[in-house]
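By written order: A, B, C and D. Residues from 1 in each chain.
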Amino acid sequence: MTNEQLKEKILKLNSSAAIAEGKTYLTVTVPSSELYALAKTLKESEDTAFDYLMCLTGVDYATNLGVFYHINSSKHNHSIVLKTTTADRENAEVDSVYSLWKSAEYHEREVFDLLGIKFKNHPDLRRMFLDDDWVGHPLRKDYVDTINIVER
Amino acid sequence: MVEEIQKTIDTEEEYTINMGPQHPSTHGVLRFVVSLKGELVKNVQPHCGYIHRGIEKMCEKITYPQIIHLTDRMDYLSAHINNAAVCLTVENALEIEMPERVKYIRTIIEELSRIASHQLWWCAFGMDLGGLTCFFYGLRDREKILDIFEESTGGRLIQSYNCPGGLMNDIHPNFQQKVKDFIKYFRKVLPEYDQLLTGNVIFQERAKKVGYISKEEAINFGLTGPSGRGSGFACDVRKRAPYHMYGKVDFKEVLYTEGDTLARYKVRIDEMWESMKIIEQLIDNIPAGDYAVKMKPIIKLPEGEYFQRVESARGEFDVFIISDGNKNPYRIKFRSPNLVNLTAINAMSKDHKIADLVAISGSLDLVIPCMDR
Amino acid sequence: MNIIGYITDIFKGVISLLKGMKVTGSYFFRPWTVVTQKYPENRKKLEMYERMKGEIVMPHNAKNEHKCTGCGICELNCPNGSIEIITFQLVSEDGKKKRAIDKHIYRIGMCTFCGLCVKTCPSKALSFAPNFEHAVFSRERLTKILNKEGSVLEKGVEG
Amino acid sequence: MIFNIYDFTSFTQWIDNLLYSNLSPFWALIVEMTLIGLVFLLGYALVGLFLVYLERKVCALMQNRIGPNRVGPFGLFQTIADLIKLLLKELISIKHSDKLLFNIAPFIVIIASFLCIAAIPFAKGLHAMDFNIGVFYVMAVSSMGVVGILIAGWSSNNKYSLIGAMRSGAQIVSYELSVGLSLITMVVLAGSMQFSTIVEAQSDGWFIFKGHISSVIAFVIFMIASTAETNRGPFDLAEAESELTAGFHTEYSGIKFAFFFLAEYMNMFIVAAIAATVFWGGWMPLHIGGLEGFNNAMDFIPPFIWFFGKTFVIIFLMMWFKWTFPRLRIDQLLTLEWKYLLPINLINVLIMAFLVLMGWHF
């Protein structure tokens, strides 16, 4: 499907989605509560068939936290970007897409580890790279470490 | 932590062992907490982060040309490909068209690093299975590629040859001849690899039907690169989203459908042949021209999100840059193929022997610094 | 079990094993194919590639002059802070004030050989040298001062 | 026969008479045993060290390397330097290990291999003990080594060691069978279990030629099974450094590790010596029935050169296996034994018995 067709299709599925044309991919912004449902339909419907999660990225936008999902269809070879944000920085929570794409398991653990976004229904959400007793989430913009991070 | 895990999985029959962080077959500091029942693997829990350096955090503080020396140190066995990914992202964001010469040289060196990486994988895989001699043959031939790199780029393992806007310097005048000599040599030596390991009945028995993963599962787990193509998942980014010269050269996407360790092995061996084919098509036709375009002294990406996929030696390597218009990225994410490939190891090695776990983790070709970043 | 299959299996297996032994055996009986070198002994004969990134040096000409103007671009571009430049004000004969380097400090222990300092230097004052034997017994010796004692800026290089 | 010029019987007899004429029988026996023990201990250490050097050099050449070349000419003294290093190393004791068993395990392994040498004929008359059940003795004693390995793995309090030891146990118990059966095939041909008789019987042609295809099969099976029994080559599952770090000797250091190491190489030597004796005629020169001139010429080469020459050729073969093949998995190892080697072996014994019965051998 081309980007235009995808745009139409997504607007039909979720009218509240904000769609921005990126350089190559469409970026679909949806509220975190609706993301899972949209992802599920996108994966399961025959003409989109987004069965391959390329990349899952967590971002700290200073005021809110965001998660990007780069998904691709191995059958049709079209890609799309899903984006969601949560304003709650203390208890940020997004639905896990592990049940759709198993490759999300480590991606989500990594995001939880470094950005502190919790994923609901993740089977094994614990720290990925850092120690279990580490305090804070290093990729957040307000993370301070006076010993190891040298500001220039 | 170990005690905790042990308590949850140690039943009367199962027991846990730690494979790693220091273990001969994890090629670095990866730790598997393996619960075994006799010799049968029941559960594998990988623990990463022993060389987590926080490259993504570091990148937020430095400029785009400086990122190159950090991506070098992620997947150090195919460092050039990672660099090219970052450079491509920056160049596409700035909408700069690279000169043909740069594209040619980048493609050739990328394929050379792919061969070098697969060679090292081959010898390490042979060593994992106990064939120590493979290790030296692989390294011997890899040395020839490293020599070519050293002559042109100045670095052997870590070249830092790419930079946003082209290459650091032009190729050495001997480059073309040396590459041609290497290909001639390697076409003669590669069949020896097959005689020594591929055809060997012990190896075949060790690799066949070990670590099976179906195509659907492979896609679901996001297995890319040779590991995914061994299951029949046509995930070669060089074909699916061509970059550099890959859209214009003729090569085959190697696909096997068996989905076992042997298939993943064969994909890599065949990919070496395909890489040589690509290089041969390009090496004689490198067009004259600049080796770099003039860039501004301080590179600032316009505000926005930029995503670039490349095919690294181990799978799909993605760079995702979110820019706020400054000279350094607001957020940069590297999608490491190794980390995603590792996801599947538990499903693959279930109910196999502990020796098979070694073979399976070897066949996924994990590079730990890339995984941990 | 198929008896013929059983026997052919054995023969095929043995032949595949012999093929492997042929490869290793052929190398065993050809000692001239040895590729390793005796390193410290062949030090004199070692030829390094001219572009090899061994260390960063500041080439000086015969009159003990270098090209570094002390602009500090390399210091800015270095991702690890391994370069530090200490400058002072030099008053030339006609009374103009000019910046000149006192010390170009290079910490090879922190250097990652990314080549950005060499690439961005406007007066091409730095270059790579193919020396690779950097092992020393104390960390202090990894800090090097690149400009030689008493060296001055080459004529014609503008800062 | 000319090869009697190299007969050591009179020499050993002379020493024996000398001792018995000057000392009381009890003391003479003690002195004799001590002498033989010392000679063997020295030979054991020397052969072991040389084998380590040889292995490193052989594998280096196969792998396009130079191999040891720093200590002494061609690195000949490298292993001696290694031995000194191992002697000086700290003996690490492990918490929660079974101290007694942990300490005696390396000795059991090394004693088992040491005992085997007693039965090997190095040349005519150069024989510590000419048992009339020599073959049986060697098989019985050599299988004792596995006890040491099992004890080492158990007492180390390390799961890797335990897995290694268990693998080793399973492996040796099953491959013992093939070693035994392939030797029995040759015993059927020789009609004796005494090593001296077996060697003498090969004076007109080695058994590997005499027994047609049947003895060739027995030889191949013996090579495979004995490589497995010495925990070497493609069958080094007990150590399996890429899976179990170092298997049963993970926790050993210093001289205790050296014992395991030395025992492994000596086991290889013993197995090769037995193969050389039983299949290739031991110290017996190459004789072809009927060609008197050729046989006489061959006799001028001293028998111990024949013996060591044959042994080292077989050792080279075993090294060649080790440095070419990948390692088997435990279930494949057992499959190979029980599904391939054992049935073939049993049929082979029958064929050999039939051949001997019909008198079709040479």
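Some notes on this structure:
By definition in this document, a residue touches a chain if its C-beta (ideal position, glycine included) is under 8 Å from a C-beta of that chain, and two chains touch if they have at least 3 such contacts.
Everything numeric in this text was worked out from a predicted model, so none of it was measured.
Comparing per-chain C-alpha centres with the mean over every protein C-alpha atom, the closest match is chain B. Chain A and chain B have Cα centroids separated by 24 Å. Averaged C-alpha coordinates give centres for chain A and chain C that are 41 Å from one another.
Here the spacing of chain B and chain D, counted between their Cα centres, is 45 Å. For the pair chain C and chain D, the distance between mean C-alpha positions equals 51 Å. Residues of chain A in contact with at least two other chains: 152. Across the assembly, chain D contributes residues 62-65, 323-325 that each touch 2 or more other chains. Counting only residues that touch two or more partner chains, chain B has 133, 140, 196-197, 200, 202. Arrangement of the chains shown, judged by which pairs touch: an irregular graph that fits none of the line, ring, star or complete shapes. Across the whole structure, chains are in contact as follows: A-B, B-C, B-D, C-D. Taken together, the chain C residues at the contact with chain B in this complex read 12-13, 16-17, 19-20, 22-24, 35, 49, 51-53, 77, 79, 112-116, 119-120, 128.
Across the complex, chain D is touched by residues 10, 17, 20-21, 23-25, 27-28, 31, 33-36, 38 of chain C. Taken in their complex, chain D has these residues touching chain C: 58, 61-66, 69, 320-321, 323-325, 340.
Put simply, chain B touches chain C in their complex at residues 62, 65-66, 68-70, 72-73, 133, 140, 143, 147, 150-155, 158, 160, 163, 168-169, 172, 192, 195-197, 199-202, 204, 297. Only residues 22-25, 27, 51-55, 57, 59-60, 68, 70, 74, 77, 81, 101-103, 105-107, 110, 114, 127-130, 132, 138-139, 149, 151-152 of chain A touch chain B when the two sit together in their complex.
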